[in-house]
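There are two complexes below, and they share chain A, which is joined by chain B in the first and by chain C in the second.
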Partner chain A sequence: MKDTGFRNAMTWLHTWAGLLPGWVLFAIFVTGTASYFRPEITAWMQPEAPRRVSALVAGQHALAHLAEVAPDAPRWAISLPDARTSELKVFWQEPPARRFKSAELDPQGGAESTARKTYGGEFFYRFHFQLMLPHPWGRWIACFAAAFMLVALVSGVATHRRLLADMFLFRRTRDGRRPWLDFHNVTAVLALPFYVLIAYSALVVFTHMYMPWAGKALDARGEKPAKPAVTGAVAGGEGPTVDTVSVDEIFTTTAKLWGEERSVRRIDVTDRGTPGATITLTRADGGAVSLHAREVSKFSAVTGEPIEQAEKTGPGRAVGGWLYGFHLARFADPVLRTLFFVMGAMGTAMTGTGLALWTLKRREKLSSAGRGGRFGYWLVSRLNIAFVTGLPIACAAYFWANRLVPAGLAGRDQWEINAVLITWAVTALHAFVRPERAGWREQFAVGAVAFGGLPLLDLATGGRFDGLHAGFAAVFFALAAFCGLGARKLSKTSAA
Partner chain B sequence: MTWLAIALDYAALLAFALGMEIHHRAILRRTPSAGRRLAWKTAGALLLVLALIAAIGTQGVAVGLVLWFVAWAGGGLVLTLLLAWRPRWCWLPAVALMLSGVVGGVCAAGV
Partner chain C sequence: MPTASPTPSPYSRAARARPGYRRAVASRALAATAGGYALAALCAAAVALLSGAPRDEAIALAVLPALVAQIAAAVWAFWAASATRAWLGIAAPAAVFGVIIVWIQHFAA
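This part shows the complex of A and B:
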């Protein structure tokens, strides 16, 4: 008896801890899954940009550009191309403003980049934790969703009667919620370690936001250095006086030492023009999960001597770095990254089937209990459509807009995002005005056309015949096939 | 070697499935004895250990561990779908993954 009571309580908890953040979690899973291929998405969306460029050449162009446009800036930063991206970005600070100015350069010629303006994969990455909401609301909601997800995972395990026995069991019965429940269980149980780590690491990433007190306590005790003031010789209007070492020379030496495969990924020059000026070079990721395992070389910009850095260690920092690194998965080689993408897709499926299960269960109750609870059913079922099919359609619209919005249009990058918002609003409206079944069927059909057309659009508008575009075509066709199957199934069987 | 680790992961799950009556019947069309089920489960556990060794051997402890459990989740999904639609084809992914490993190894050696 006691066991039944416990299980019932856990079932109740799983139902509501899963449903309330369910739509947000679904959106986070969709955009997070896409974010594993953030640089590749940007590359797909800028087919005219060069590919596989030399970090060494790009870095020299960037340094020359900064010397020209910002000779007096106290801080420079350069983000270099690597094996996955050909983007070259330069940043500089003009006091007293704290905010950095930036420019995107052509990594081969050194001039301002002429590739079409786009947020590329950055859009999915930002959406994943900011949810297109004003700062800091998106981050807070994402954190709550992650916390709810952990609750849903634990209560879900407690709810599941045959966790190990049904690990590979998918029963293809025609009706009822059996196949939905089976698929929900299979996708949840198989990738359980992944979900636990991904939700927990998400919470670790934002600890400083929702638990700021440790940092504040350290500040009060004077153990944490205050943020450096934005000064530098420039503030006085004199221009750099102490700049004896060429950044270019140090960069070139290090880049040659590290080699092209994992070259310099970032250059930071701080306190330019003062005796404390430093040059920091960060190497491209690889080989280790933890973010703290990055290879960094720091030099004095006055003497050119390397600066030994005190290793910040401690178990908390080590675990935190590992979790953050795991969440971003930048360490992964292409095979492992593809597997992470599959995990993300499984998480999307788990969330989607979970949402569907709520309505299926409620529908059984409604048909037996008569009146009451219809508004809740209507709201949840329509929100399900707006998110589960509406959001992917809106994402497809992002890629369509990338090729259809003229390359020279002012603010074209914003128009790509507007296309997402407008499309999503239309699909949501459609979901709420149509009957449930028709809503699903029609949106699946639109999804099939939208994704299926993308590879053709790509070929017609400057896409190349290479591995990257072929890979995107494969994923788009797979999504189209999935939507097509959904639409066909819904139009074949009679209304439930 | 990455492919080998993934193949071993999949083979381990297949062995576990063969250790369960319902899946054993679907794949091999006969009812397994209790001893046989236990044998398959033991084989599954051994293969899982081998997969872990291969994963860590290829990618180091930190990345290898991640590869190990991510590959078993992905492989498990493929296995589940095959069991539902084409149970007799369950061994195909294991062979395909092994072949990818061999082809990849030969290509790497050639370079």
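This part shows the complex of A and C:
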């Protein structure tokens, strides 16, 4: 037992490296897990939008639209529907404006989309790394939370003498803290590689912001970023010197070549009207894990000839691209994606039980010692309620608002977000003014009603009988059942 | 030399009662966060310069060990027997990376 000191130090570190970012991590786990189904959430939130549309038809509509509204814009970009989304978005940039203008189109008719305006799944995706904070604060906080999480994972593993044995240990006792601890351990250990990879890859994704020092050192040495050589310009040669190639033609040919199953997902046209104009087509996800393995075809818009892309390879980019692709999980088929979702849900449970454990442990100490630390207990226990039950209730409010805010209301997409903020503020206030136990019980009860009602609301307001809506109903009912169990357990046993 | 006798935890109840405990923990926390990040930054810069790879590849490669160094430093900061050792254990590898950076920037061709 000569490593007792080490294990005690790691236990101490695990407690604090886990608690400090705990609430942020919980929020990131909730919204990040939802983000695995980002396009599906958008589809649920736009039940009037068409499903499974042709990328080929949509792309032709988009190009026609851009030719009409932005004939002179030097940059065009089009995001096309695929197997998971029917969204068709066009973007264009007209100097001196640096911001892109955009429009959402009906993928079948080509006119401006008439589906209700919503951020859909994008809200959860943005939240999970921007935290609804002004740029770049949310990203920095999310990065530090990821770094803390890695420290908490390492120290958490180090506290265990027998990791494998503890993995299968679940004590069903009446002892207050034991089941929580076991549940925390089981959720932590079962998906441990997933947590390590998801936190590590999060930091790799933000290398440019979080760890820019390698680039700065190289720049200081005089290795300025290489500018890609302008291709396609034929100095003094015959033939056209500006882009005359039909984007539509190149797109249509490629889309037919790639097939509907994994068609073109994105079209980028750059430097339009100049000799360096290019057309880039990106194929829909579904191939390799790595983002760098994306299938991309680039053409000169002057000659129509394909442009050979400089091979960007090397172990660093290979590993980095794999980690980025793993983090987004866009490569995954529905079954694998569901598995990722389940591991995300386990991570949510791990952070939630970890936060609860801090208060359970502290409560024992408070009752035995009777000294200071009551303020810390009060703050942590109420923040726990505001995040662990308050945030999911606020997320349920997002879906409720989606169906209750009138479809034609101006700025309705913002009102869906406001519904989240207002609901979260109310749950937080409730958490801080109510006694701890009542706070949990009442929020669990509200959560049960809020989630349990969503499938019924869906059916009453345009939901369809299909796999997507059935899947959402299953998840909503599961969350409602979990909340209901929590509320029931807290009201059955007499006051602790 | 490490002995076989059990090392007392630097965070035990007895340790908490000692004067200077709070300052020592604050010092470790600073070593773990600021020290750990500085070590990672120097590691990234040194590895990128050493790799001799093209810019994109060098940056992508260098961040991988840098993040490991950051987490290791943070764990070490609270593992070390004292706050002073915590700082020394981070400063030593940081100095090595610093020397590598200065060497390559100023003396290598």
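Just a few scattered comments:
Keep this in mind: the second predicted complex is superposed on the first by the 467 of 496 C-alpha atoms of A that agree within 3 Å, B and C clash if a C-alpha of one lies under 4 Å from a C-alpha of the other, contacts with A are read in each partner's own complex, and residues count from 1 in each chain.
Everything that follows uses one rule, which is that contacts are C-beta pairs under 8 Å (C-beta built on N, C-alpha and C of every residue); 3 or more make two chains touch, one makes a residue touch a chain.
The model shown is predicted, which means the values in this text are computed figures rather than measured ones.
Of the two partner chains, chain C is the only one that A:Met211 touches; chain B does not reach it. In the overlay built on the shared chain, the residue A:Val186 is in contact with chain B alone; chain C does not reach it. In the superposition on chain A, A:Ala288 contacts chain B only, with no contact to chain C.
Of the two partner chains, chain C is the only one that A:Gly316 touches; chain B does not reach it. Of the two partner chains placed around the shared chain by superposition, chain B is the only one that A:Phe326 touches, whereas chain C remains out of contact.
For chain A, the partner with contacts to more residues, out of chain B and chain C, is C.
With both structures placed on the common chain, the touch criterion links A:Tyr200 to chain C but leaves chain B unconnected.
Once chain A of one complex is fitted onto chain A of the other, the partner contacts of A:Phe6 are limited to chain C, with no touch recorded for chain B. According to the touch criterion, chain A has no shared surface contacted by chain B in one complex and chain C in the other. The part of chain B that touches chain A in the complex is made up of residues 2-3, 6, 13, 16-17, 20, 22-23, 59-60, 62-63, 66-67, 69-74, 76-77, 79-81, 83-85. Within the complex, the chain A residues that touch chain B are 165, 167-172, 186-187, 190-191, 193-194, 287-290, 322, 326, 331-333, 335-336, 339-340, 342-343, 346. Taken in their complex, chain C has these residues touching chain A: 4-12, 32, 40-42, 44-49, 51, 53-64, 66-67, 70-71, 74-75, 78-79, 101, 104-105.
Interface residues of chain A facing chain C in the complex, by the touch rule stated above, are 1-6, 8-10, 12-13, 17, 147, 150-151, 154-155, 158, 200, 203-204, 207, 211, 213-218, 220-221, 223, 225-226, 312-317, 319-320.
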